[in-house]
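My questions all concern the structure below.
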């Protein structure tokens, strides 16, 4: 038996407020993105191919029926289909993701999307507080062609070069040894 | 066996170009819509309740696991979850819909969304040119809290009061009798 | 005797709701569009010429005193002055059109502008429900540098390749022969 | 003989750069403005009436065939049709103006629109550098429901209370007597 | 001796990407916010007072010469002047903050502003990686009337009701005891 | 003794209404501007360098501790740090300026920013009506990466080629000799 549930946002995300960027509007009928040239200039968004060469395939992305690999530390997987993968999304202000959760506490860890609001429908299993007890599959719509993602723990403890441990110790009320230990764990993440 | 497919937009919609409005950005953390008062003033968007009274349920909509009733002329059903149904969507620039298609040519007829781009994932069955041969279920994300919908045939032949038949005859290369017949059919739609 | 009337939108257009995109704001004083290079990349909107080379002529378009040719099936003509014709409009979020109507039911057929609101002033003759009994001339302002246009009947029955006739028959409550006949008529439009 | 000319902007306006605000997008099909209540609260834009009470007249403004009175110091008249006069413009991001110029140097003095780009078509007579040698009539589209206007000379020399004459003397390289004289002239404007 | 330095963003903020919301544009000359009524409705942004009652004081905020109290755990203080404090900011898309840092590692802990980009100028002392060795004062401009703030550590470990410790343990590679200890520390923050 | 004051806008600017453009949102994490190529094409905003080559220095601008030279006719100096000087500001919708005022009526003459709202904090001395009696220093945040500036007196009397003196005489209630004298003074400004 299947059960479809619907949430605007993973509950945990509420703790971080909603992201709130809105992409600029399109200025023509078609502006399908092209792969970025190496060693070259870029623009806000993407360069596009000749609109007369637009084909239906520019707006189609196969393979979302394949479950993502949840065999990792957090037991979850996000397959994001943004403008880098589906060129037709360029200038259209929307993208989509498939989320897979492993049973026994598969978790999509706390994160924010700096350029999009997310809306989520659970199509298999059940999610509670971002955690799945059984296999779960959800699909999310995001209000940007390129929502971005900031996974909090990785952004805090994982960057290279690392953030000064004194800063993190004071900010998180940890001692320096605890911070350095976490930085080692996330450096390999 | 299940098959998930993904399309940016129903193929037919391509014939009508993409909708391209983007909602204004939020100006505070919470602005959960309240039901409109009768005989009263309105604003662009929605009035909101006191943000201190925001609860998790404002962002949750149950029941999307229930199939829509496709026992109608076109053999399809759209369950739209916009800000009128899910008050938490207010100012967040996104909404969601469940689409059900009956087997044997269930069809979501040609339409546009004047205030949103649509992204669509097929979670059961197969869609081809907006038509399903078997049962099909899809979910769509839309880039507005209130995307609006203009079903072309209804907007042309169904409004009350009706559009002048001479206009429609000339525009659609039909004769007046054909137009009047269509207007009768759609007036009851 | 002349009579100037003013309408926000052609009456018929009301049946299709308002278009509602707004162009992104300019980011500099001058960004006059340049003709698109062949076989080359594009951007959302237009590339611009060196702002130091901006001249007054970039913002001037002559010839709107010449009536458009209304000797066609619908008895109307639209002369659109968008960024493709007047390069100075780039990034400015506005364009203009001259509309000519032949006497005896000259008609601007039902259409939408996916990226603009339209405002219209009748400067000669009278329009009623988008139809002119005498010669009529109107000017329209549109809130995009490139409003786009979707003429409904052409988009439904005229695309190449054509839309599956089964889809149109079901959507418009026509039989397949009627659809195929219309598709032939509009294929030559 | 009539001559229609077309300019993006009155030439003089070029000296002040383009205005560049874009109104927020609509969030529903209809949001017709209502007159502001006295002694009451306001919103960004306008409150709207119940959308179910929308009528065609909300989008129609008669009387633009009547020439404006150009019997004033500058020999010109602007009839602006913004959301304060035509309630249907609310949330639609566009407005319109009729401009009348008297012969012999009728002038629309240097001004800016802080919330709109302006596009202009000359429908009678000829304009050169914002000045008419004969009677002239133009229509302008503006990309906001409420473009605003800052007539430079009035804003500088005419406000009540007046700007400190020392400031204006220094800014405009005038002496204090010249400034005070101008302030008297514009105080009665 | 004074030294003014200038940074776009506190260095640490780079780890979290830039915030990217942009407020909707104003639709009139003045829309000065009014205090929200108790038990009443709200709008996206603020209700405004009668524009004819606008006074110069609506746009002035005194007291930014007074140092903020940095006698707290992190040794820093932020005095934010947003639309809740300075009503004239309503619809204008900008706000300002004074930041004070105590000597010996005064720290503004990692945070994001969900609705604004921040630009910062150091007017006294020196900041390095968000940390001050001596007294330091900075001013920041933020591109929203109400930027919002999410202090990461507080949002993760401090909310009431608390986030499920299992989620945080897994997300941050801590054990449950460590999480519960942090939750106690931040619950009192 | 120091005194920090805070104003949303220089008082005089109120006479000209608020500028009200808002930059389009970013569509990726980094889009650091690159210097414009000579004889080449441009875009709305700036081309960006490869985001993988982003460095911290792209977001840092030194030297704002150096007072601007106020030894000029108006006794003031504006050091604007926009995207042309600080490439990291590209797509971020904000910029900053240092304003220096000489004692004895140092004046920042009446001007508008066509693409930004300005917020201002006085960090040294006192400003009254845009005029300083003693040395004064202020910092301003502006809500665009490239706010633009129109100094009214220069835009009216200083452009090359000059505005027709008849226009200015009529608009400003001056005689032609007075206009020509002012045009000579500002032509050398």
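Worth a mention:
Going in written order, the chains are labelled A, B, C, D, E and F, and every chain counts its residues from 1.
The definition used in the following text is that a residue touches a chain if its C-beta (ideal position, glycine included) is under 8 Å from a C-beta of that chain, and two chains touch if they have at least 3 such contacts.
A quick note: this is a predicted structure, and the numbers were derived from the prediction, not measured.
On residue numbers, the D-E interface is repeated by B-E, which shares over half of its contact pairs, out of the options C-D, E-F or B-E. Shared numbers divided by all numbers used gives the overlap of an interface; between chain B and chain D this overlap falls below half, so the copies present different residues.
Rounded to a whole number, the gap between the C-alpha centres of chain C and chain E is 46 angstrom.
Distance from the chain D centre to the chain F centre is 25 Å, each centre being the mean of its Cα atoms.
Shared interface positions of chain A, i.e. residues touching 2 or more other chains, are given as 17-18, 20-26, 29, 43, 45, 114-115, 148. Counting only pairs that meet the touch rule, the chains in contact are A-B, A-C, A-E, A-F, B-C, B-D, B-E, C-D, C-F, D-E, D-F, E-F. Of all residues in chain F, only 12, 15-22, 73-74, 105, 107, 109-110, 112, 114-115, 129-131, 148, 150, 152-153, 155-157, 159, 163-164, 166-168, 170-174, 178, 182, 185-186 touch chain D in the complex they form. Taken together, the chain B residues at the contact with chain D in this complex read 21-24, 39-46, 114-115, 144-146, 148. Note for the complex: chain F touches chain E at residues 2-9, 11, 14, 17-18, 20-26, 29, 56, 59-65, 81, 86, 88-89, 92-96, 98, 117-119, 121, 123, 139-143. Within the complex formed with chain E, the chain B residues making contact are 24-29, 31, 34, 43, 45, 47-51, 90-91.
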